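Listed next: structures, encoded as structure tokens.
You will see two complexes here that share chain A, one where it goes with chain B and one where it goes with chain C.
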Partner chain A sequence: MNGWAGQRLRVDLTTGEITKEPLSFEYRKKWIGGRGFNSEVIYNEVPPSLDPYDPKARVCFGVGPMSGSAAPSTGRVTVTAKSPLTGGFGDANMGGHWGAEVKYAGYDQIIVQGRAKKPVYIWIDDDKVELRDAGHLWGKFPREADQMIKEELGDEDIHIMMIGPAGENMVRFACTFNDVWRAAGRTGTGGVLGSKNLKAIATRGSGTVKVADPKKLMDVCNRLRQAFKNDPMKMGLYEFGSLCLINVANRDGWFPWKNFQGGAHPDANNLSGETHAATVLKHREGCYACPICCGRFTQIKDGKYAGEEFGGPEYEHAVPTGPRVGIIDDANDIWHNCCLTNDYGMDAIECGGTIAAAMEWYQRGLITTKDTGGLELEWGNAEVVATLIEQIGQRKGFGNILAEGADRASDKLGLGDEGHYYTITTRGMTLPGDDPRGLGFGYGLSFSVGTRGGCDHLRSLCCLELSGALYPGLNTRLLGDESACKPVTVNSKPYMVYYEENQKATTDCLNVCCFTTHWSYAVLTPDQVEYLNAVTGLDFTEEDFQEVGERIYNLERAYWNRCMSGSREDTVPERFLKEPMPQGVDYQTNVGVTFPLNDMLSQYYRYRDWDSKSGFPSERKLKQLGLDYVAKDLAPLRSKYVSETEKKKKKYYV
Partner chain B sequence: MSNGKVLLFNHEKCAGCRSCVVGCSLYHDGECGKVLSRVAVVRNERFGESFPVGCDACSDAPCAAVCPTGACAMDHEAGITKIDANKCIGCKECAMACPFGAINMHYKTGKAFKCDLCEGREEGPVCADWCPGGAITYELPNVALKVKRRDKLTERLKAAKVGEEG
Partner chain C sequence: MAVMTKAQAKKFNEMTDKMIDVLNFLKSNKVIDDSEHRSILLKGFSKLVDLLQEKKVINAKDAKAAMNGGFDSLLVSLS
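Presenting the complex of A and B:
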């Protein structure tokens, strides 16, 4: 079979049963791969009422038809589960080399269900699959467990997906890792694996990806790889990693200083990619077949953490564990925090965001040292932050409350609406370090409607609004409006978000990295269609590409709707709507800006064909996308949700 | 006639992305995968290290010296050893003799295969062409050595100067 492996692996940890299920041609065409396959399984096999930690819950690992192929950046994996953090639909996406290895072993998807009696790991050696004891690996940091598994299996070149202690301890925002450092960070999939007593999936694949038209694929790849050589974003990302954004974020006022109380700081350069490269960068790292190589490997050179080494950080890793909690003077403190979140295996965004919220509760007097076990949560207190990260990873002390995530912690502490005002979340998940008052109104809109807990930058990744100077003419070409290329404008943003969400969803199905398609814009939809067809031998069109993305987006949205989450929850933290952006540095471009969500939301609904009252996808739209069964599921819930509007407030999580 | 250029591997610049690997296998075999590549990357994730491995175009090549059938022999025109699949008996002697592990066994034919510098490819070998970090380059070795000599000297002089000032 060309492109796909053509089958998925299902492992039931309760019974030990291992099955391989063929994936039909129609199924592959309808859902394409990774995110599509996973979303379909979660929608159909995990009822919205099920506890995410119930043994019956599923965790899916999906790769796509391009995975392991020569197209730019084909190592990604989508990890999907019902999120223990938000209670709704959750997925995350990681790079590394494991995704390609899974494909080479002969699978498009791995579904894990059930619960093992004691800790186990899965060993996939091509078509041989077995469960092995992981008692000795439990409690180990990924860097230790990785080595132990490789020694045990006698092969240093295998690739391994695993969780850290935070996943074992069911921290609600624990990550899933592969290749030690590459994290599927968000929505807490690591905790779901922990609840199943699954430490790792070690994989050796000795197959290949078959290609329908090798010459055509070679031609497309030659052209695209040539384009990357001169691409301005590639150069920034290769040289400085995604930390290259720090100084840009500071200039444009979306640098999340102290839980978004500010948007810029005079010392931001302390943690910029430029500074990192000149001081602590040991090595650059690339995921499978990547022409960009934005990955970093850091070695701290001096101070009390001298000698500490870890993979990373990237922008969304350093920012929440640094400026978001007020740390900016000594970058080594930030690198150390990044190292800790890696070792424990948890989402740095949620971790830093939760600590930042706690610091603001402390600042405003909502909590005191009586609540925190004596810790003084002063902004920028690096020692306290490091202690809290460890406490969260171990679920000890005050950290045990913060391990629930910002919104649940607020409720556990009984802080009411005021507590939630300072949790910078939507649908129960903390926003990444991107202030919509500066990064852009498209980003903000995307935070409000995103389908993995609302608040995510990787649902639309609408960098089109930042791309004006680097890619002149691109917005005209894709959206018909060049004025959309500025962050702080509503022009064409609803359409931009709609377009990019669909585009991104299909990109996640191919499981190629969105830094090739939504950041650098060296690879556009026509190129993706071309390489997809070259590999699979099928005849996808650009319209199909958008339609598959739209189908997935609506399916994921419908999952939220079944959790009774809809239009009421389509919002952003009140801070962005109410508080004008203060001035942090004199060259800042967005002083005084607030985020105008309401100017965009109804227009976005119209593009989506979502009901304006409930925010549920219309029956017409669902049927048009071949989702008749979803329309049937939603029919009785629409009016129920709307009638609830009168008496119920927005849910912070479901 | 050989243009005298060879592949040079610099692990300090290797990000371990295996763009070389997918390019090599696709170009030569029309499939993508590590098992079909003439170039490999040894990754050491825990320490953030990666090492590209490929044919170093030895002038006194052990792979040719040990081949019992003459399948693996120096091609003076190309400036590199080549393996004639018709003569190869799949004994793996060349693969074991190569000091770098740059020879691979084909999963379908069972025969040995190795780098041919992408003979005839206009842009030069695909591994060097696709390498995003300059870890694999296609160069005249004498010129590359001169550049390296100068770079290293500059580095040492700079370090000495810093030492004096410090």
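Presenting the complex of A and C:
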């Protein structure tokens, strides 16, 4: 079989049963791989009413037909589960080398279900799969546990997926890692693995990926590598990592200062990629087959954290644990916080966002030191932030409440609507550190409808407005409107979001990094179709390819609808709708802007063919996509949701 | 070939987001069919221009202008 391994591995931790299930040709063509396979399993095997921590819940790891091939950046893995943070559909996506190793071991997907009686890890050595004791690994940081497993198995070259202590403690935003530092950050999949007593999946694969037309694949890859050489986004990402965005964010007013109370700060350069590279960058790291190499490895050189080392940071790592909580003077405090979130294994966006919400509750007198165990949550108090990160990871003290995520913590503290005003979330998930009043109205629209809650650059970012200006003519070619590359305009944004969401869903089926597709535009959709066909020997058209993305998007949306989440929840935090952007620096370009969601949302629904009242996909659309069974599932819920909407307020999580 | 009036083109030009309304108009006037409507939505503006040129609704010069000027240019050619 070309491209795919043709089977998935299912491990039941309750019974110890390990099975290999073939994946039919029709199934592979309908869902392609990665996110497609995973979303299909979650929709069909995890009822919306099931507690995410119930042993019957599933966690899926999916790779695509390109994974492990020579095509650029094909090392990513999609991790999917019912989210303990939002209660709805959840997934995340990580780089590294583990994805390719899973493929070499002979699997397109791994499904984990059940709950082990005691901590275990799974050891996959090609065909041989076994459960091994992980009691001695429990409580260890990934950097320690990774080395212990490698020593135990006597192989330094294996690749390991793992959770940290936060996952073991079922922090609702714990993430999964591979190769120690590469995180699938969002939606709390690490906590689901912790609930199953699963510490890690160690993998060794000795197989290969069969390619239908190797010459064609190499021709395409060589062409794309040439295109990457002078790509402007590639150059910024290589030189400065995703921290290259810090100064851009500050200039354009989407830098999340103090929980988005501001959008720019005169000292933002303290944590820029340029400053990081000149002070603490130890070396660069690349994922499997990556022509960009955006990964950083940091060593703090001076101050009280001198000598500390860690993989990272990313923009969405440093910003939430720095400026979002008011830390900006000493970047070493921020690097230290990044190191802590890595070691405990937590989504830095959710962790920093939840602490930022708590700081604003404190600022406005909604909570006091009586609630926080004596901690004074003043903006920029680096010691308190570091303490809270550790408390959250260990589920101790006030951190035990914050470990529930911002919206649930607000409810546990009884803060009512005012508390939720300061949780910068959509569908229960904290938005990343990018203010839609500056980064773009398309980006904000995609937050409101994202199928995993408030999303980020790996899922919903409309790169056509972030980097479209670097590629003159591109917005015209795709949208018919060059003005759409301006962030603060509604022009063509509904169509942009529809197009980009479909495109990113299919990219996640190939498990190709979005930095090499529609972030940098060296690789466009027709190029992806070309290399997919070269590997699989099939004859996907561009339309087939984009339709798979549309199918996945609607399936994930339908999962939320079955959780009774629809049009009422399609919104963004009120701050962005009501509060004009204040001036932070004199060169800021978006002072006074608010986010006009209502000017775009109904038009977006028209592209999606979603019902204007409920926000549910129409029966016609679902049938067009071959999702007749989904149409049947939603039929009894449509009118129920609409009548419920008239009586009840939106759900912050389900 | 004119498939809309100047007034209709002006109305489309005033819209901040045009794609779906232009495609719906072309479909209701039988310039494109259902499956072409769907295909263009999935693939983007350049596919609309290609298809209209293929159908000889616009000529090569208009198509080139549309690829540079987007809907602003295309709507002039269609009206």
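Just so it is clear, the second predicted complex is superposed on the first by the 648 of 654 C-alpha atoms of A that agree within 3 Å, B and C clash if a C-alpha of one lies under 4 Å from a C-alpha of the other, contacts with A are read in each partner's own complex, and residues count from 1 in each chain.
Going forward, contacts are C-beta pairs under 8 Å (C-beta built on N, C-alpha and C of every residue); 3 or more make two chains touch, one makes a residue touch a chain.
Remember, it's a predicted structure, so these values are computed and weren't measured experimentally.
In the three-chain model built by superposing on chain A, chain B fits alongside chain C with no clash. With both structures placed on the common chain, the touch criterion links A:K199 to neither chain B nor chain C. In the superposed pair of complexes, A:M600 makes contact with chain C only, with no contact to chain B.
Of the two partner chains, neither chain B nor chain C is touched by A:H265.
Of the two partner chains, neither chain B nor chain C is touched by A:R437. When both complexes are overlaid on chain A, the residue A:E482 reaches chain C alone and has no touch with chain B. Using the contact criterion defined above for the overlaid structures, shared-chain residue A:H336 touches neither chain B nor chain C, since it reaches no partner. In the superposed model, A:P494 lies in contact with chain C only, and not with chain B. Across the overlaid complexes, the C-alpha centre of chain A sees chain B and chain C at an angle of 100°, to the nearest 10.
Set side by side, chain B and chain C differ in how many residues of chain A they touch, and the one touching more is B.
Of the two partner chains, chain B is the only one touched by A:P291; chain C is not. After superposing both complexes on chain A, the closest C-alpha pair between chain B and chain C lies 30 Å apart.
In the superposition on chain A, no residue of chain A contacts both chain B and chain C. By the touch criterion given at the top, residues 15-19, 21-23, 25-27, 29-36, 42-50, 107, 123, 129-130, 132-133 of chain B touch chain A in their complex. Of all residues in chain A, only 473, 475-482, 489-495, 498-499, 502, 525, 542-543, 546-547, 550, 599-600, 603, 606-607, 624 touch chain C in the complex they form. Across the complex, chain A meets chain B through its residues 68-70, 74, 97, 100, 104, 143, 146-147, 156-157, 179-181, 206-211, 214-215, 217-218, 221-222, 225, 228, 234, 238, 282-293, 295, 297, 309, 311. Residues of chain C that touch chain A in their complex: 16-20, 38-39, 41-46, 48, 66-71, 74.
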